[in-house]
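Here's a structure for you.
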Amino acid sequence: MFNPTVAGLTLRATLGRRRVFLFALPAVILIVLTLVLRASHPAAVVWPGAVLGDFGFSVLLPFTALITGTGVLGAEIDDGSVIHLLATPVRRADVMVTKFAVAASLTMLFAAVPELIAGLIAPNSGKLAVALFVGALVGSVIYSAAFVALSVLTNRAIAYGLLYVLIWEGVLSNLVGGARILSIAHYSLGVANAIDHDPNLRAGLTLSTSVILGVIVTIGALVLGARRLAAFAIKGEPA
Amino acid sequence: MNNTGVTSTIELTSVSRWYGNVVAVNDITMSIGPGVTGLLGPNGAGKSTILHMISGFLEPSKGTVAIDGKPSWRNPDTYRSLGLVPERDSVYAFLTGEQFVRATAKLHKLPDIDQATQRAIEMTEMSDAKHRKISTYSKGMRQRIKVAAALVHDPQVLLLDEPFNGMDPRQRLHMMDLLAKLGAEGRTIVFSSHILEEVERLASTIQVMVAGRLAASGDFRAIRRLMTSRPHVFSVRSSDDRTLAAALVNHPYTNAVELSAKGLQVRTSDFGAFCEQIAPVAAEQGITIRELLPTDETLESVFGYLISS
Amino acid sequence: MSAETQQAAGVIHDLGYRSYDGKRLGRKSIIAALTWHSFRSAFGFGRSAKAKIVPVIALVGLCLPAIVSAFAMSRGNPRLVDYDTYVPVLRDLLMTIFVAVQAPELVSRDIRSHVLPLYFSRPIKPVDYPLAKYLGFTAACLVMMEVPLLALYAGSIANVHGGAQVWAQTRALIPGLLVGLMWAVVLAAISLFIASMTGRRAFATGAVAIFFLLTYTLAEILLQVESPPDVSKVVPGGPGAPPGAVHIVQGAPAVIPLAEKVSGLFSPFTLFDGVRMWLGATDTGDNVPKVGGFGAIYAVILLIALGACLAGLAARYRKATLS
């Protein structure tokens, strides 16, 4: 299913030139922030939750996933160069899975790993760090699947992804309890909560619910994206 | 290189494609066999739409598009024997030419990647530039590397959308030679163009499209001959133009004659009759014919007549 | 036909074209026209209905508190929100979305479609193009900020009686309008600067949104962490909480530490709050930096940021290249 050639092309395209700094910057800020705060407040209990949670989990993770998820396929579809990939007998499902794997790996590298590092640097939060790391790994997978599929389905993927993260996940799912069922952040939190039960996480879903829904969303997104890719049509003016 | 005598035929049956209210392709039925076929028409005629449909990247709103009986829409296996050179300039600019062709070869799962890549690059004369990034290529070079990638798997069918765009005369000549050679090997090659000279020089069969409809198919001279509603014009130079003119006017196939210092222009509505009779008529009068040329056999005039009719 | 083909040379037909030697509108008119066009583009006018969705939703969303307040006032309640703070979270969120989606419409589209040479082959100086874009977008942001305030004002004076009350409302409105002006001027500069870096609208939207969000979260965390416990200490909720959600924690007030005073410098929104505090605002709402004596520094940093973005914007267009 995984196609190494496609993966190589995708990696080279995504990590070209200056863009790597854009990925690395928020992660670096997270770690620097943790170091600075640890130096000035070595014994505090309150700030690791905010730093790891608000910054790392609620901002760094979804937005890194958004940029990588929409970048691995969206850019090619946008400028039309995806046709060189699709004019070969390679299976569309393979393309989808490979792009997803690359996006998920990059997100793990640039969001989940820094989260772990920051968590280990922060005092008194070893267990929380591991919990959030695992949650971030899970989140990387689900977010990436969703965003890669979104970039196949629409050409305004970043805008819709942004709305989803800001409004749906940021506001609604905390106000409206039922909305948690459709919130990837909550799936990840559910997993994290199972490892280190912490009321500050405000995770609303149980582990089993989170896992089941996470798997459904991931597989559903990949299937949807693959089917759409199989019916890829060159958009254009009649000419 | 490969040809075992197997040929491919592209069949379009009552194909239409519309975008909302705009009809891009209107009920087109055509059959494209081996050799080089030129898709000719002004911008907006529907040539790209047809090519996209044949290559499986656009679904017909109505009708069927099939290559050797199998539809190309939603059928990635089609690409084992089909190569597409799209019009859009976008290629993976961060790769070198060779990396691009090689990656395509890998995606086709070819048995000998090095050899296929090498061959394709040499065929398109890109060996000198293959180690440079595509972002440094000129437009003509990008076209050629796209052709190389489309040829790397030795396809039976090759589709090119405005392939000579951006090529200088030498590159164009070379590409035409390449395509002619491939066509002579029995491959089915279809290319689109709105430049009459290109199509005239390269295509053995043309399909003329105007405003989404198929206006004419076949050999362009044959098409011309079919248009009996327009008279043929010949220019004749002889030893005695005036007498010849007078003699010709007497015959029913002559519509008009015009005398000038450069010679005689004869308009005739019956090509066949004129050709048969000009020699005996001249001989009867004791006139020697020095030059007899059809003046508007070129695609230009065909095209012009088709468009304005 | 043959007569024509046998003629030499060619004929130039007189189609009635005349050259224009009269007065031409100058540079100022071009800038004015481009500003007006930019202002309209910021709301999606001149394009399909889909382009108007985000601005309309943002504007309506921003006006909702005003409408609700007017309704509540008609029932006898006092005004629900202040003119200068309004509803902070809503305004932060909706303005972020507005500038993130619309700034690329103004600048990234021109880059993508390679029309910059068309603009620059007119008798304008290179700085005129970014100037016009900036003025147009600032005006648009101003509309987004002030219209809700004016709606709030209208709703309020409709429900109060007596000249003194109306005057009180008016006096409260003016600072609010000035705060709105500050927001518009700075947000337009930052978002246009970031968006002008790329021709891909989606990318630019992501970049602008992430910039504002990242800096906001950073500043909020610092603020929350650095402020010592006091009576009304509020703590942002943990992961998964919306920005602005609170827990109340007991404590005792103390001297404002330096670290807290500078925490608000890291985000445009907290910079706005800092300047407000410096100019005499007295709210102690959550996530508002207590600036102590540092208020002037907030203003300076804000001005520097504004200047840097405008300079960057102008520099970006100094050379009129194709992309």
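Lettered A, B and C in written order, each chain numbered from 1.
By our rule, contacts are C-beta pairs under 8 Å (C-beta built on N, C-alpha and C of every residue); 3 or more make two chains touch, one makes a residue touch a chain.
All of these numbers come straight from a predicted model, not from anything done at the bench.
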Farthest from chain A in C-alpha centre terms, which chain would that be? B
As a test of whether you follow the contact definition, which chain pair has the most C-beta contact pairs? A-C
Dist(centroid_CA(chain B), centroid_CA(chain C)) in Å evaluates to 55
Provide the C-alpha centroid distance between chain A and chain B, rounded to the nearest whole angstrom. 49
Any idea how many Å lie between the Cα centroids of chain A and chain C? 28
Residues of chain C touching 2+ other chains? none
Per-residue multi-chain contacts in chain B, two or more chains: none
Contact residues on chain A for chain B in the complex? 3, 5-6, 8-9, 12-13, 16, 79-81, 83-92, 230-234, 236, 238-239
Please output the residues of chain B touching chain A within their complex, sorted ascending. 17, 19, 22-25, 43-49, 52, 55, 57-59, 73-74, 76-77, 79-80, 82-84, 86, 88, 90-92, 94-95, 100, 103-104, 106-109, 146, 149-150, 212
In the complex of these two chains, what residues of chain C are touching chain A? 54, 93, 96-97, 100-101, 200, 202-203, 205-207, 209-210, 213-214, 217-218, 220-222, 224-225, 235-243, 245, 259
Complex contact set, residues of chain A against chain C: 22, 26, 29, 33, 37, 40-41, 44, 46-47, 49-59, 63, 66-67, 70, 74-75, 78, 132, 155-159, 162-163, 166-167, 170-171, 174-175, 185-186, 189, 192, 198, 200-203
